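Both complexes shown next keep subunit A, but they swap its partner, so subunit B is in the first and subunit C is in the second.
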Partner chain A sequence: MKLDTAKVLQKRKKQILELWMKNQLVDFSLREDLMSNDELAVQSEELVNVLLQTLDNGNIEDVQSPSFEPLYEVLESISLSRAKQGYSPRETGTFVFSLKDALLTTLQLEIKNDPQQLLEESMKVSRLIDSLGIVTFETFIKGREEVILRQTDEIAEISTPVIRVWDGIVAMPIIGTLDSSRTQVVMENLLQEIVLTSSSIAILDISGVPAVDSLVAQHLIKTVSATRLMGAECIISGIRPEIAQTVVHLGIDLSGIVTKATLASALRYAFSLVQLEVRKSNVK
Partner chain B sequence: MVVFRNRLKEFAIKIGMGLVNQTKLITAASELSRNMLRYAGGGVVLIEIINGQRQNGLRLTFTDTGPGIPDIKEAMKDGYSTGKSLGLGLPGAKRLVSDFEIQSTVGKGTTITITKWKNG
Partner chain C sequence: MDKIPILKIGHFLMVAIQVDLYDRLALNLEADLVQAVSKTGAKGVLIDISSVSIVDSFMGRILGNIAGMSKVLDADTVIVGMQPAVAITLVELGLPLRGVQTALNVEKGMELLQKKIKIIDEEEAFDDDSTLQ
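Presenting the complex of A and B:
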């Protein structure tokens, strides 16, 4: 007798769902803090529904079949939302793989007398769920990557503020390591701001840069040259004693650039350049 | 790079290295690891704590299986670069540490060992 696995499973949907829920609720990876059991039940039911709807005997052996598209879509959205909610990959993986247990148990009950057929059908179901598991992981990683990308963008945005410290003087504190892409952002923002404010002096503060090696120095020199091309003077401030010694030993020539130890002394120098003077007021 | 630098800093703090020497060592290590990344496409760094000369020190071994350096003498000169950098990486790194050894075979790869004493 040839058995229609898809039909059998569809008939036993309720049982599968119950079994699956039971498996999930006893599993240690259950995260009630992230999702209530009711929500979990809804999610599980959605997945089982779409799985059994798309499943027929024609495609059970072909996991790449286009008829599985809706299933993958549901799975992807579940996986994505779980990634964003902060589930670990193991938890999401367990969620999908625990369905396999439920399906296989159901099959076992249905095909009692024919071990050969049970094995064959079990293999098919197993392969299908494995493929679903892979899709889950792929999407999970994609979801996490999106989070990372968004954070990278945010960091790039907040990390390069240009401050107008005085009329005609802009300052830019650099925090973190200067790599090529950040130098690009720093340079763009700084030059843009110089044009916008028609400033004649720019102060680059590197107090927040952990290490100045030859590449960072090269980037600084490039930024200074670009600023000069715009007709503005560029001062580098925030050079710590240990950085100064390191730069000297490395043999980097920064003598063509005005450098100051602190932002305050850079500002004082900038004031003297534009013939400004800061004085204590005599008014009592 | 950042992870590696922080790791190195932990080690330097562990043996009580001063801030200036820490910065020198980290800068030298950052030059050498950047070279590995840029020219050899990656490599392995071994961090060791060593005893000797009545003080502790850190020894770093950078090993890669990249194209190798054809002319080490030339590469150790200031301002020599096959890329577009300042050409200060290798000679600069040498000046920043206590001891610097380089071995390179064209086509096989490069091994650089640097040592920095706690107060050296």
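Presenting the complex of A and C:
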């Protein structure tokens, strides 16, 4: 007698779901802090529903079949949301693979007297779930990468503010290491702001840069050159003694750049450039 | 054929580049400008590139050339209104245009040139004084 695995599984949906939930609830990787058991049950039921709806004898052996599209979609959305919620890869993997146990146990109960057929059907189901596992992982990693990319963007955005310290003078404190991509952002923001405010002096404060090596220095020199090309003067301030030491030891030539130890002295120099004077008021 | 107009304002020459410079046009501009500097005896050249959005290494070199040639003819070159993207491109191309002065806009460029001229005038006056004594 030929047995229709898909039909059998569809008939036993309730049982599968129960088994799966039981598997998940006893597993040590259950994260009640991230998702309540009720939510987990809803999620699981949704997945089982879609799986059994899309499953038929035609496609059970072909995991690439387009009829699985809705199933993959549900799986991807679950995986993505888990990645964002902070589930570990192991926990996400266990979620899908524990379904395999439930399905296989159900099959075992159904096909009792034909070991050959049980083996064949089990292999099919196993392959299908493996493919689901792979999809889950791909999306999980994609989700994580999205999170990382968003954070990188945010950091780049928030860490490069341009401050108007005076009419015609802008300052930009740089915090964190300067790599090529950040230099690009720094340069663009600074030059954009120079144009907007038509400032003639830009102060680049590097007190927040942990270390200056030849690469970082090169980036700084590039920024200064670009500001000069725009027609503004660029001053680098906030050079700590250690940085001065490394710069000299590495033999980096900063002689073409105006450097000041503190933002205050840079500002004083900037004032002198635009012929401004700061005095104590004599009003009593 | 396209030609970029060269305007004479007082002691200066002014060029506003409003189209994207292709190589031939840039070469013509270079030749015309040097001719004009020598003919008018201008003390300064102001090049406004605020409408230029694309540069390549050739154009960077032409700008450098113009500055160098004008310098030989005793005229200072000021490039004004460079766009951020252009500045970044030139720096990335390794052409920081040394020897070329820059200003944010035409107004500031004029001021810069006028200051230069004033210094030269003062020096000449000083020279005259010293010869009188």
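Operating definition for what follows: the second predicted complex is superposed on the first by the 283 of 284 C-alpha atoms of A that agree within 3 Å, B and C clash if a C-alpha of one lies under 4 Å from a C-alpha of the other, contacts with A are read in each partner's own complex, and residues count from 1 in each chain.
As a working rule, a residue touches a chain if its C-beta (ideal position, glycine included) is under 8 Å from a C-beta of that chain, and two chains touch if they have at least 3 such contacts.
What you see is a predicted model; the values in this text were computed from it and never measured.
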{"item": "Partner chain in contact with A:102 - subunit B first, subunit C second, else both or neither", "value": "neither"}
{"item": "Partner chain in contact with A:16 - subunit B first, subunit C second, else both or neither", "value": "neither"}
{"item": "Which of subunit B and subunit C A:229 touches, first, second, both or neither", "value": "second"}
{"item": "Contacts of A:243 with subunit B and subunit C, given as first, second, both or neither", "value": "first"}
{"item": "First (subunit B), second (subunit C), both or neither touched by A:177", "value": "first"}
{"item": "Partner chain in contact with A:71 - subunit B first, subunit C second, else both or neither", "value": "neither"}
{"item": "Which of subunit B and subunit C A:191 touches, first, second, both or neither", "value": "second"}
{"item": "Which of subunit B and subunit C A:211 touches, first, second, both or neither", "value": "first"}
{"item": "Footprint of subunit B on subunit A - complex, ascending", "value": "177, 210-215, 217-218, 241-243, 245-246, 249-252"}
{"item": "Residues of subunit C defined as touching subunit A within the complex", "value": "79-84, 86-88, 90-92, 96-97, 102-105, 108-109"}
{"item": "Subunit C partner contacts - residues on subunit A that touch it in the complex", "value": "184, 187-188, 191-192, 194-195, 198-200, 222, 225-232"}
{"item": "Subunit A partner contacts - residues on subunit B that touch it in the complex", "value": "1-2, 5, 19-20, 22-24, 26-27, 30-31, 34, 78, 85-86, 88-89, 91-93, 95-96"}
